[in-house]
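Following this message is one structure expressed as structure tokens.
To keep things simple, chains are lettered A, B, C, D, E, F, G, H, I, J, K, L, M and N as they appear, and every chain counts its residues starting from 1.
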Amino acid sequence: MALDNYTTIIAVASIATSGITIGIGVLGPAIGEGRAVATALSSLAQQPDASATITRTLFVGLAMIESLSIYCFVISIILIFANPFWNRAIT
Amino acid sequence: MALDNYTTIIAVASIATSGITIGIGVLGPAIGEGRAVATALSSLAQQPDASATITRTLFVGLAMIESLSIYCFVISIILIFANPFWNRAIT
Amino acid sequence: MALDNYTTIIAVASIATSGITIGIGVLGPAIGEGRAVATALSSLAQQPDASATITRTLFVGLAMIESLSIYCFVISIILIFANPFWNRAIT
Amino acid sequence: MALDNYTTIIAVASIATSGITIGIGVLGPAIGEGRAVATALSSLAQQPDASATITRTLFVGLAMIESLSIYCFVISIILIFANPFWNRAIT
Amino acid sequence: MALDNYTTIIAVASIATSGITIGIGVLGPAIGEGRAVATALSSLAQQPDASATITRTLFVGLAMIESLSIYCFVISIILIFANPFWNRAIT
Amino acid sequence: MALDNYTTIIAVASIATSGITIGIGVLGPAIGEGRAVATALSSLAQQPDASATITRTLFVGLAMIESLSIYCFVISIILIFANPFWNRAIT
Amino acid sequence: MALDNYTTIIAVASIATSGITIGIGVLGPAIGEGRAVATALSSLAQQPDASATITRTLFVGLAMIESLSIYCFVISIILIFANPFWNRAIT
Amino acid sequence: MALDNYTTIIAVASIATSGITIGIGVLGPAIGEGRAVATALSSLAQQPDASATITRTLFVGLAMIESLSIYCFVISIILIFANPFWNRAIT
Amino acid sequence: MALDNYTTIIAVASIATSGITIGIGVLGPAIGEGRAVATALSSLAQQPDASATITRTLFVGLAMIESLSIYCFVISIILIFANPFWNRAIT
Amino acid sequence: MALDNYTTIIAVASIATSGITIGIGVLGPAIGEGRAVATALSSLAQQPDASATITRTLFVGLAMIESLSIYCFVISIILIFANPFWNRAIT
Amino acid sequence: MALDNYTTIIAVASIATSGITIGIGVLGPAIGEGRAVATALSSLAQQPDASATITRTLFVGLAMIESLSIYCFVISIILIFANPFWNRAIT
Amino acid sequence: MALDNYTTIIAVASIATSGITIGIGVLGPAIGEGRAVATALSSLAQQPDASATITRTLFVGLAMIESLSIYCFVISIILIFANPFWNRAIT
Amino acid sequence: MALDNYTTIIAVASIATSGITIGIGVLGPAIGEGRAVATALSSLAQQPDASATITRTLFVGLAMIESLSIYCFVISIILIFANPFWNRAIT
Amino acid sequence: MALDNYTTIIAVASIATSGITIGIGVLGPAIGEGRAVATALSSLAQQPDASATITRTLFVGLAMIESLSIYCFVISIILIFANPFWNRAIT
């Protein structure tokens, strides 16, 4: 089935939004993780004995921050592969 | 049922808004969490004995900040899967 | 009832505004809470004895800041589920 | 009564403005409160004896800053539920 | 009396301006007050004996800064409830 | 007298300008006053004996900065209540 | 005399420009004066004996910075009350 | 088969989005990784004995941050080579 | 002589440009002068004996910076009162 | 074969996107690498004995950051020389 | 001679460009000169004996920076009073 | 052969993109290289004995950062002198 | 010869570009020179004996930075007085 | 030969791009060189004995940064005097 006017607009909106969402959605997490890793490294250099606690706390923190960016990725993938508006449009 | 002009516009607005909401909504929480985790790590290195208190306070703080980003995710998901305007439009 | 031109415009405005409101409304609170939590952690590491006062003050402060973001969430939810303009438009 | 062209425009302006007002109106107060709480916490850690004075001053300050954001919330709610322009338009 | 084209435009301009004025008008005062309160708290911790002078100067300063934001609120309320252009338009 | 096309445009321009002028016009003074008050407080804590000189200089400085924001308020009020272009338009 | 198309455009341009000029024109001077006053206060606290010289230099400096903002105010008032283009248009 | 109007629009949206996504998506990770590497280097200079722990933590951190940018690259490649909207449009 | 289309456009461009020129033209000088005055004050507090040299250098520096803003004011006044394009247009 | 309307639009989108992608895509990596190199140099000056470890870690880090910019370059080259949308358009 | 369409456009472009050029062209020099003067003052306070060398270097530096802003002023004046495009247009 | 509509658009896109690509593409590398050179100079002043290692590491780092800007230059030159879209358009 | 449509557009583009080029082109050099002069002054105050070397290096550096701004001035003057596109247009 | 529509557009694009390219292309290098020169001066003051090495490294660094800005100048000059698109358009 060829596209008509309405489905094309929905496709364009889905494409543009999916890209922009993940594009601007990794900016904050990347800066936040960079800061966390950087502090972890200088803390390790300053207090090598606390290495276990620091590493564990770092990984929990990174997981929390990474989850923020996963939210964006999930929305982005939903808009491409499981978009309810698109599904309705093409049925 | 094929789409008409009005439902297409609502679909486009929902798609674009859901992506932008979560996209810009993780920027602040990510920076805030990065800062909190970073300070937690340097505090752990400086005062390993207060590890229990620091970790507990960190987790409460991360949960508070994460909740801000959950608000955005909730709105974003509502706009895709439980959008009252869309539901009305297609009935 | 299918939509007409006027209700569609109101629906689009409600969708876009609800997302943008919460999207930009968590930016400030997230940065503010991140700063508060970070300082709390370094204060705990510096003065573990004042832990009770610090924790209590932190929670009051976080609640104040969180309330700012709740304002945005309330407006956002009102615009989606209890929008007086939309209610009038569809009656 | 269905909407006409003029009332639709007023409704859209009210919806968009109410959201943007509170959305950008919490940015400053959130950063300001975060700064105030953060300094309060480090002051408490540094001078636990002045705890009463610091807490009292903090609460007065937070109330002043919160009031700024309340102004925005009031305007936002007025525009949704007690909008004189809308009231006139629909009578 | 139903609205005509001219009064609608004036209403929209009044709604949008009143929201934006208070929205951007609290940004500066909130940051300024946050800074003043923060410094007051660290000064109290550093010199508890000067508590009376510091508190008095803080309140005078907060009043001055709050007045800036009151200017915006006044203009905002005038535009909604005592707008001379609107009053003329609807007579 | 009902409005015509020309007076409506002038009214809209006056409304929008009066709000934006005071809205962006308090940003700078608020930050400047916040800085001045903050430094005054830390100076008082550091040198309580110079309290008279510091307070006097602070008030002169605040008055100078407040005057900047008064300029904006004056222009804003003139545009609403004593606008020569509007006065001519409606005569 | 009612307005015609050309005089309306000139009036709108004058209104908008006069507000924006003073609105953005106080941003810099306010920040500059805030900085000058803040440094004066900390200098007074540090060297009370030099109070006469500091105060005199501060007032000269504030006058210089205030003059910058006066330029904007003058242009703003000229555009409202002594606008040569408007005067020609309405003769 | 030559292109028609609808497929062209989808192609343009895919091209533009794929480029912008990866373009703005590497900004945050690059700054974050730069910070992490920089801190690792100064930590190594300060505490050469902790070299093994620092290097291992650095690589885990870099992998986490790199993954953020991989998300963008994946979306970018999907939009060019496995775009479901394009695939449907050209069948 | 009433205005025609061409002279109106030139008048509008002159009005808008004259305001914007001085409006953005005082931003830099104001910040620069504020910095110079602030450093002069702290230098006076630190080295009261060098008061003559500091004051003299400050005034030369302020004059140089003020001259930058005078350039903008000159262009602004020329565009209002001695505009060669306007003069030609109305002859 | 001369171009038609559709292929021209795709060509323009490809040209503009390929340039902008690499243009904004080197901003972050360049700042990140500059920071890494700068810290490496100051670490070498501070701890010449750790030169081997520092240099090795620096090169691994630079390679990671450079890879981010390579992603952009790859997308940019694909859009110019191996663009699937263009290939289809011209067949 | 009255204006025609082409000369009006050139006049508008000249007016707008001349104002914007000098308006944004003094921003950088003003900040640069402010920094130079500020450092000169603190250097004088720190090392009064080097007053001759400092003053001479300062004046050379200010002249260099002022020259940058003179370039903008020259272009601005050329566009108003010696504009070759305008001269050709009106002959 | 004279140009037609399609080739003109491609030429304009190529010209504009080639300039903007290199224009914004040198911003990051220039700041990064400036930082690297600055740190190299202060490291040399602090540890002249490590001159050989510092200089070698600096040159490798500068080459890496310069390469980022070369990517932009290559794309820029390709778009002007070896543009496949242009080559096809003019054949 | 009066102007026609094509030469007018080229003239407008040349006027606007020449002003903007020099306007934004002095921003960076002015900040860079200000920084260089400021550091030179504080270095002179700190190490008067190295005055000859410092002054010589300063002048070479200022010449290098000034050259950047000369590039912009050259392009700006070429566009006004030796514009090959204009020369062709008017022959 | 007079200009036609297509060559005019190419000329305008070339003029605007050549100016903007060099205008924004000197921003980064100017800031980078200013930083390098400033650090060189403070290093000379701190370690006059390393004058030869510092000067040599500074010149190599300045040459590298200057080269970035030369890339922009080259593109800018090519677009004015050796523009292949223009050359084809006018033959």
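Going forward, contacts are C-beta pairs under 8 Å (C-beta built on N, C-alpha and C of every residue); 3 or more make two chains touch, one makes a residue touch a chain.
All figures in this text were calculated on a predicted structure; none of them were measured in a lab.
Note on chain placement: the centre of subunit B and the centre of subunit F lie 37 Å apart, centres being C-alpha means.
Computed centre separation for the pair subunit B/subunit I is 46 angstrom, with centres defined by C-alpha atoms.
With centres taken as mean Cα positions, subunit N sits 43 Å from subunit F. Multi-chain contact residues of subunit L (touching two or more other chains): 4, 14, 16, 18, 20, 22-24, 27-29, 31-36, 38-40, 42, 44, 46, 58, 62, 69, 72, 76.
Chain-to-chain contact here is organised cyclically: the chains close a single ring, every chain touching exactly two others. Round the ring, the chains follow in the order G, I, K, M, N, L, J, H, A, B, C, D, E, F when counting starts at subunit G and proceeds to subunit I. Note for the complex: subunit J touches subunit L at residues 2-5, 8, 11-12, 14-16, 18-20, 22-24, 26-42, 44-46, 48, 51, 55, 58-59, 62, 66, 69, 73, 76, 80-81, 86, 90. Interface residues of subunit H facing subunit A in the complex, by the touch rule stated above, are 4, 6-7, 9-10, 13-14, 16-18, 20-25, 27-29, 31-36, 38-40, 42-44, 46-47, 49-50, 53-54, 57-58, 60-62, 64-65, 67-69, 71-72, 75-76, 78-79, 83-85, 88-89.
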